[in-house]
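In what follows, chain A forms one complex with chain B and a second complex with chain C.
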Partner chain A sequence: MFQAKINAGLLQSSIDAVGVFVDECKVRVDSEGLSVKAVDPANVGMVELDVPADSFDSFEADDELLGLNLTKFDDIIGMAKAGDVVALELDPETGKLKIQIDGLRYTLSLIDPESIHQEPNVPDLDLPGEVVLAGAEINRGIKASGMVSDHMAFGVEDKSFYMSAEGDQDDVRVDLTEDEVISLTAEEDARSLFSLDYLESMSKAIPSDAQVTLYVGSDFPVRMEFELQGGDADVSYLLAPRIENE
Partner chain B sequence: MEMDRRGKTEVLEDPGLEDAAEFLRTGLSGHGLVVVVGACEVEYSGRASSYLGGGERVLMVKPDGSLLVHQNRSSDPVNWQPPGSSTEVKLEDDVLVVESRSNAPPEVLTAWFTDVHAATACRLVDGVDLEIRQKERDMQERIERDPSVVEEGFRVVETERESSYGRIDVFGRDSEGRPVIVELKRKQVGAETVDQLGRYVEDYRGRGYDDVRGILAAPGLSDGGQARIEDRDLEYLELEPVDRSPERETTLDEF
Partner chain C sequence: MDLGDYVRELEPTEERRKRELARKKSYEILDHMEDVENEFSEVVQGDSLYGSTAPSVFVGRSNYPRVNTGVLQPVASEADASDHATSSDWYGRGLEIDDVLSRRTSLLNSRRKAEVTRPKGERFLEIQQEVAAASEPVDVEVQLDGSPDIDVSLDALRTPTGPNARAVDADLAENPSVPRAVEKALGDGDWKAADAAGYLYEKGLDVYDVQRVFSTGGLGVEDDRRLVPTRWSITAVDDIIGKHLHQEIQTNPELGETRVYYNEYMGNRVWVVLGAGRWEFELVEMKAPGSVWNPRPDGEYYMASASEGYGGRTQYVDETSGAYYASRLGVLEHLDDIGRQAKALVLRAVGEEYWAPVGVWHVREVVRNAFDGPLGWEEASDTDDTGEAGRGAEAESFHDAVDEVADYLPVSRERLRQKSTMYNAVQSGLGDF
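== the complex of A and B ==
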């Protein structure tokens, strides 16, 4: 059983956060809320999404696993206007998802969850650098790096956090000292390089006004955690690095 | 070749289709590598579409989701699916169906087996690949160029020196002339690797190098490895692998 009502904006940003990595995903619902864990087909990027039950306008669910075509779902939810409430209901007879948005009814066929890429095991990483900063700062660093290269570095060095990219001709570097970010903890210097293809997609899902906690190591995956809509949903990204040249 | 652990391989000969299906499902759900040998037809649709009429083939699904169909010729598979694909095994009207789907771009490969000669499910122990060996080679070259990376006064006598348990990465002498065996690893290591080094050291003690030292050089050492190093009176040197071009993209399952 699954029946819920949710603000369209929250639902849309949640879908966008997961859609960065996958077109299809398994959605888990239970009495606690809704959650997704998914990894992209190349196994480079991973997302975890949690929307707790009390972030919904109403929420009732037994343990269910829904196989969702995100591209289709995104199109449907895109029909909603700002402030609309989306009603979702799993039809136990047909196994389809009934979606209602302001008089519009859409019945969405679900995918057999077994046929979807299995949910990833989240690696347990010990990342020495932890920095909390505004989403806008990260997005700015990613945007600037994208102008010069197809990959960029995140790093911590001498009590500051940096984002940098070296292109064939031009270089970009953003340095943020301990005082310029919300908080910074670094047990040791660290630096890892990442593909901008992935980061630019992730950047679209990171709200400018969100506080992002970014964990970085040396030639290790980066973890970014942030909230959507002021805490109504939690998103965590993990992205595998490119191994750098000497 | 040195194997610290042995994987597990199960073989089903001439199974009925129902048994084969069950066996393959179990193998896949345990993230194993499965192989099916038998008569099948294969259909593919995605970036293009193709149909391969009936014939005897080998189909393999790897734990990363990739799927390969091989005929009895050519080094390349006749049909294949990329890593990250998901595989489903089902029984439909006395036919064993193996269906593999990948999302981006959407691709579906379906193999219909009317007869299965054999099915194999393996869990292979294999963390090594060509590039990793290259990295250890790079670490070796770095030490050859600059032996003080190991310690002040260290000299390299020979790399890839033989022992009763396989090749020693670097054999040298310290500033006092004591023989030193250096084992190189490009990733964090644990107690098994310490034992490997221990065997080299024992082997050399047995050959009359009474005062031989053993150094394990790696970017990291587990707590268990640290304890074993102390137990066996060996030494650990923190040494990062040398990264060289081309740069490569890693995947999350490497961490």
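== the complex of A and C ==
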């Protein structure tokens, strides 16, 4: 059993956050709320999404696992106007998802969850650098790096956080000291390099006004955690690094 | 054997001798082209009907979408027609630059102007397509316009071509034999071009054969079928077949080790480094001052590179162009053969001896054939290994291997690092942590 009503904006930004890495995913619903865990086909990027039950206008669910074609679902939810409420209901007879947006009814066939890429195990990582900063700062660093290269570094050194990219012609570097970010903890210096292909699409899902907690290590995955719509949903990204030639 | 020894044995020899030879050859080819001109004048004088065996076709790109399109026939009637069509056989027989140029310039291109949409009922285009589809060269008689243009010339940038003549009409002098798979693809107007091309390749046609059919508008959904200029079609087919193989190898187990291969051909030295992990590919080109396509005025090596990650490319490359797709195809074919996926870096050093463009096929073949012969790990304990082209060697890690190879490249490690995404860093997976 699954029956819920949700604000279209929250639903849209949740889809966008997951769509960075996958075109289809398993959606878990239970009495606590809705959650998604998915990894991209290259096993490089992972997303965890949690939308707690009380972020919905109404929410009722037994344990269910829905296989969702995200591209199609995104198109349908794209029909909603700002402020619309989207009603979702799993039809127990047909196993299809009934979607209702302001008089528009759409019945969406679900995918067999077994046919979808296995949900990943989340690696347990000890990342020495932790910085909290505005989404806008990260997005700005990613955008500037994309102008000169196809990869960029996140790092901490001397009580500051930096983003940098070296192209074959030009270089970019953003330094943010302890005082220029919301908070910074660094047990030791750390630096890892990442593909901008991934970061640029992640950047589109990171709200500028969100507070992002970024964890960085040396040649280790980066973790980014932030909230959507002022706390109605939690997103966590994990991205594997490009290992540098020492 | 140790990778260091292996690579040392590959050091270029006789470079100076080759360069001198190249200078001499460029005069020889001009002489040859004059001969072709004379021979051709004799053949067509007073008689505008020209008959010989056509091994191939040509579609020009000037004035697109109204292009020149024709059948290619050797000028000398006793010549072996199949020997004149570009194929992997040219590599196998060790053809050199001047051999290729003399074959190319000996072909008469009897052509007509045509809309690329291939209007129905144009007999000339149908005959052209039959020549392209045939498994063997076909006897064709062409009615030529009275005034053929027999001016052949050689310049630094364009691949030299043979004489052109304007065709009024053409006729098949024999019934061409068309492979069943090709007939099926030609006849199915609901089949997407990429899928049909993949099918032909799986049925054993080489990319050269697929390209000829593709170029004459023989593949694809009926209303979308177009003449595709030869130059574009070569890279399009490398890309289509490459994507087809890419899909196959993406689910293969990882190679799990590092291997280095070397080969050289026509002044091109090529290293292929395969490494552990998921598919990732890069081509880095280093072109000597004085070689073809080096636009740098400062007398330095010109560098270009392009790469893709596990999921492949979505946009055409900015640098390296056709060589990217040709070399990627060679690597993908090898991985498909051994049932593995890997990270692959192709380093192509173009020497001064590469003095005239012969077409991107030589890049495809030098990479394809780099994997021939015993593999490195089988040879590791064999002290007799001569390290000749085609032998692979093992190394500790991907970056160790490229570092070793870098000693023999014509550019510094610093420049390589600036230009090469993969030399700089390789993508890890979440499973590695």
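We take it that the second predicted complex is superposed on the first by the 246 of 246 C-alpha atoms of A that agree within 3 Å, B and C clash if a C-alpha of one lies under 4 Å from a C-alpha of the other, contacts with A are read in each partner's own complex, and residues count from 1 in each chain.
Basically, a contact is a pair of C-beta atoms (placed from the backbone, for glycine too) under 8 Å apart; a residue touches a chain by one contact, two chains touch by 3 or more.
As the structure is a prediction and not an experimental result, all values here were calculated from the model.
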item: Combined model on chain A: chain C and chain B, fit or clash; value: clash
item: Which superposed partner A:D209 touches (first chain B, second chain C, both, neither); value: neither
item: Touching partner for A:E93 - first (chain B), second (chain C), both, neither; value: neither
item: Which superposed partner A:D168 touches (first chain B, second chain C, both, neither); value: second
item: Contacts of A:D150 with chain B and chain C, given as first, second, both or neither; value: second
item: Contacts of A:D126 with chain B and chain C, given as first, second, both or neither; value: neither
item: Partner chain in contact with A:D179 - chain B first, chain C second, else both or neither; value: neither
item: Partner chain in contact with A:P41 - chain B first, chain C second, else both or neither; value: both
item: Chain B clash site on chain C (candidates 5-13, 113-121 or 419-427); value: 419-427
item: Contact residues of chain A, present in both the chain B and the chain C interface; value: 39, 41-46, 120, 123, 125, 151, 193, 195, 219-221, 238, 240-246
item: Chain C-facing residues of chain A, complex; value: 39, 41-46, 120, 123, 125, 150-151, 166, 168, 193, 195, 197, 219-221, 238, 240-246
item: Of chain B, residues touching chain A in the complex; value: 64-65, 82-86, 88, 99, 101-104, 242-245, 247-255
item: For the chain C and chain A complex, residues of the former touching the latter; value: 250, 278, 307, 309-311, 399, 402-403, 417-419, 421, 423-433
item: For the chain A and chain B complex, residues of the former touching the latter; value: 22-24, 39-46, 114-118, 120, 123, 125, 151, 193, 195, 219-221, 238, 240-246
